[in-house]
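Each structure below appears as structure tokens.
There are two complexes below, and they share chain A, which is joined by chain B in the first and by chain C in the second.
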Partner chain A sequence: MEHWSPTSTTATADTSPQQPSVAVRLARDPKVVFAGGFILLLIVVAIAAPLVAPQDPLAQNLLMATVPPVGFADAEPGFLLGTDGLGRDVLSRVIFGTRISLTVAFVAAGLACLIGSLLGLLAGYLGNLVDTMISRLVDIWMAFPPVLLSILLVAILGTGLHSVIAAIVVIDWTRFCRVVRTETRGQAQMDYVVAARTIGFSRPAILFREILPNVVPVLIALLTLEMGIAVVVEAILSFVGLSVSSDTPTWGGMIAEGRQIVHEAWWVLAVPLAALFATVVAFNQLGDGLARSLDPVLRR
Partner chain B sequence: MTRPRLSIETLSAISLRDGNRPILRRVSLAVDTGEVHGLVGESGAGKSTIAKAILGIVPSQVKITAGRIDFEGRDLLSLSARELREILGRDIALIPQDPSTALNPARRIDAQMTDGLRLKRNLLASEARRRARALLEEVQIRDPDRVLHSYPHQLSGGMRQRVLIAAAFGLEPKLVIADEPTTALDVTVQKQILRLIRSLQERHGTSVLFVSHDLGVVAKICDRVTVLYMGKVVEQGTTADVLNAPRHAYTKALLAANPRYDRPDTGLEPTPPEVIAALHAEIAAFDASVMGSRDG
Partner chain C sequence: MLLAIIANRIAMALLTLAGVAVVVFVLLRVVPGDPIAMMISPGAGPADIAALKAHYGLDAPLLTQFWIWITGVVTGDFGTSITLHLYVTEVLASRLPATVELAILALLVAVLLGGTIAVAGTLMRRTAGETVIDGLNSIMLAVPDFIWALALVLLFAVAIPVLPLSGRIDPELAEGFSTKFYLAESVLTGRFAVAGNIITHMAMPTVALALPLAAVIVRLLKQSLKEAMVQDYVLLARIKGFRELHLVLQEALRNAVGPTLALTGVQFTFLIGGTVIVERIFSYPGIGNLAIDAVINRDFPLIQGLVLLFGLIFILINIGVDFAVATLNPRLRHA
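Here is the complex of A and B:
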């Protein structure tokens, strides 16, 4: 301090009101709280399905077929949401169905995110030939109708959970790639990237330590939205019988079964449809809320 | 006579975008040990291109066609990317122009300040943090712990510039490139930042290449000055000589254009057209002589 002339003033940090931390902002966002809470509940239900489900989801009881939900005439206690055409408990089947839906949502969207963002980061940061090649590939890829592509893929790979996941990854990575590429390109122009170069950072270090943290908020929001889409695609594949084998309850499979007897037993269709609807809405709302809450904190 | 710390010799560059228009015309300058060397000129004069050439971050549309940038006996222009990376940060550091964009918005200050320390000094995280804290105290930040824990958007412009200065001097570099470090700041903060750079520079014996368009700022901080116009050195000398007794008409015009509160009716004049015309003629003659010597 002795070098300082007496007039020099000491700098103090801003006295402007502190922005609340990310966690606080998220906790204050009703979309994040309700949608996130619902998805958390689904996760718990999926994991604890054998404990939560009142009945064996596969146990048939033809004497108890198409029993309506509790509260309607001819309802049976023990079958809260009624039974299907084979006398299986609808509630228990919906509960077990969350397992497939959520597995697909997290694994498929996660893998698509990983592959798509890695390619997007490379395209956006390296530019030139790499960018051209990856971007053209995405363009061509997106020209195929996605559902057709996934049906084709499952037809080739055979049915089963891994095929469904593969099919979703194959159609979904392009979305991540596009968004991440654009974000990365924007960030790569920023001064802080140049500043990082001038302290001798290597290119991979700049990409992963400097740019990636700025892309993550967008990525999280997109990932959440794509999880909702993955749930729908899985349901579509189950509906057309291209998902897991029919002895595993899935929402799409239940919707397909319910469709055939909708006039005698509407609840067999309505209950899994409602579950699917609520889940997708929750994922979308969560993605919306996350995008809003994460963004302004990290970049103004 | 000892060798200067940084010596730029006949550096020439062209813009590939713009019909191979020359950007730098055989610029030579030397920055001695412990000296603050001002690089002055209006926008487009090539000041930033020189700074970028030293740091190896010349944009792709600019091509360096000739010259050397000699730093401690090595030509920075002929080093490999890896060799240059080793020198950057450790021996040469940058104080960027705009503190609002030069810090990564998604990372806390402590993470950003300790990057260089850990990369170039191999410090442990805890040591690097302690060093970062000491550095912030050295740039007179009163609550360094809070600042270290902040994101850039939670700090004011002056604070961010202090952080960047602390980070630049943090590795005890031999040369600091200050690229218009006060342009984005208001005048009161400007003064503090200039004083800060000068005192850090004196204490550590650092050489500084101070890029600016503001003669007032240069007068306050620089020992010597190089005046550029359209990529050509117009005048060079000690700050006192150049500012008190400018030899070139352009420098005189620049000085006359500087608003002065002691003579409020003067200043803010554009450079007289005859000075510009003379300069352009001078540059055209220079380009012709360079062309001629290249052909011959």
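Here is the complex of A and C:
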């Protein structure tokens, strides 16, 4: 029986002494290092936006409208990546836009993770009626096209950052719920859970002290992927005009403006799109790397 | 046995659809914000508002409203769009074909593109070519249709302006169709110049929708092919002297395609969800673009009809996939 062997009674049973520690494995993974580094850089830029941005992101100057980026004909020094249709500095607006994108990424993905995981743990561990009810709810939820549902929710809740975050949480908790439920069901069959139950641990103790730590690696990778999704959803809602008010710079809002004047000033679309692309890819690569380094099964 | 499974699936599907109907109905009504506020002119008094509410049945108790709507839905009457002043079924019927053609074309492109890259990657396994394909594909897996669509705009409408930026067909060519399936009809009636015009309009939205799905297909199919290539029957065929391409296409692909088929079906529903924003970007006149307008205008009957339609499409695809997988795989037929 597995729980007789000295190393396998705890949740860290899979970490045998020969393998390098988690921190070392993470530091050796190029995906984690580069993508994680980029995300860290974004966080710094978002926090220090007023110091980093060369111009006031809201300052309009109609005499300086649609100035192209430096290096193109008619460029103006001081507007490194050009100006938009109202003469606002594109670089400064993209820098300030990181604030909204990252806020949504961390808050919305975090809350979706919290709610989805809790329900998933309950469904997976309690089984029976609770499982059936939660699983059916997930099925109904997933029958909605997510983009349509998010637009629907924001239209109902009213525009604004809170609504965007609420919409993402309300839609994407199902991703966490499904994965955590499956993982929990798998873990609940394991010997260490049977052992814990035999010793007489209470249900909450088994769920949160025994099962949860074993689900966490999968959860961290999923959370990182969800952050990338949240950034895109925010951009889409800004694009449709349902996110924060138009005087706060957002990548999606800039993309929508850029789409309108794409033939006159392509950079108004290209610059925030490139920022969005890099951020989404970084979150995904980081999620991939984390999944590989943290998951004991994938590691082998 | 298969029939019982299908009957069970259909029962579950109807239950899910009923759930969708209740959720969307309640969601739209429990929270503030009503369509009347979007319609009235600034000078309208409380009496005008009450009259309008009565006209659209929005003054009745919630349960009564739900009963009227759901009995209508069962008999095929989804009510009248508040903003378009047309029957919801009429609006949906006129817009759905555009989306169906777009989604199916995107699915075809995704399968062809994804299949080709997966086979190419299998032929190049353990070479630098495979590393390049894997690296590019891991980035493609991350990029959603929204970003592809706008990147394509920058590429093919601005940098090299060869494709039209919006719409489904040049307006002067849009006459003389007897159905709303413009692409299928123009091909079937031999009007290839018109079909070509439609294709140029559909090219960018199609590719934007196809690329994320193609990336998913590449990852799974390539993995399955690699596993199949080391099986005994492939080894046997190799000893018989068949060429590598024959081994991949004739021996491995047939046995490896099952999981990809199932996943493609599930992912196809995501592709259809993606039409909402992609149609918006290209002003393409399908149900996705319609949905955004309906939501922004709080056109309750139209939103309800659209959500049920989307739900129905998703469920039909899922049943279809289960059926296809069960029919193609003899081992699952008795499971």
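Worth pointing out:
Here, the second predicted complex is superposed on the first by the 279 of 300 C-alpha atoms of A that agree within 3 Å, B and C clash if a C-alpha of one lies under 4 Å from a C-alpha of the other, contacts with A are read in each partner's own complex, and residues count from 1 in each chain.
In the analysis below, a contact is a pair of C-beta atoms (placed from the backbone, for glycine too) under 8 Å apart; a residue touches a chain by one contact, two chains touch by 3 or more.
Nothing here was measured: the structure is a model prediction, and the numbers come from that model.
Shared-chain residue A:Asp191: touches chain B; no touch with chain C.
When the shared chain is aligned, no partner comes close enough to touch A:Leu80: not chain B, not chain C. In the overlay built on the shared chain, the residue A:Phe239 is in contact with chain C alone; chain B does not reach it. When the shared chain is aligned, chain C comes close enough to touch A:Pro146, but chain B does not.
In the superposed model, A:Leu126 makes contact with neither chain B nor chain C. Of the two partner chains, chain B is the only one that A:Gly200 touches; chain C does not reach it. Of the two partner chains, chain B is the only one touched by A:Asn214; chain C is not. The part of chain A that touches chain C in the complex is made up of residues 136, 139-140, 143-148, 151-153, 155-158, 228, 232, 235-236, 239-242, 255, 259, 262-263, 266, 269-270, 273, 276-277, 280-281, 283-285, 288. Touching chain B in their complex are the following residues of chain A: 3-5, 8-14, 18-19, 190-192, 194-202, 209-210, 213-214, 216-217, 297-300.
The part of chain C that touches chain A in the complex is made up of residues 12, 15-17, 19-20, 23-24, 27-28, 31, 33, 138-139, 141-144, 146-147, 150-151, 153-154, 157-159, 165, 269, 272-274, 276-277, 280-281, 288, 291-292, 295-296, 298, 303, 306-307, 310-311, 314-315. Only residues 55-57, 84-90, 92-94, 96-98, 101-107, 115-116, 119-120, 139-143, 146-147, 150-151, 153-156, 158-159, 162, 164, 167, 192, 195-196, 199, 202-203 of chain B touch chain A when the two sit together in their complex.
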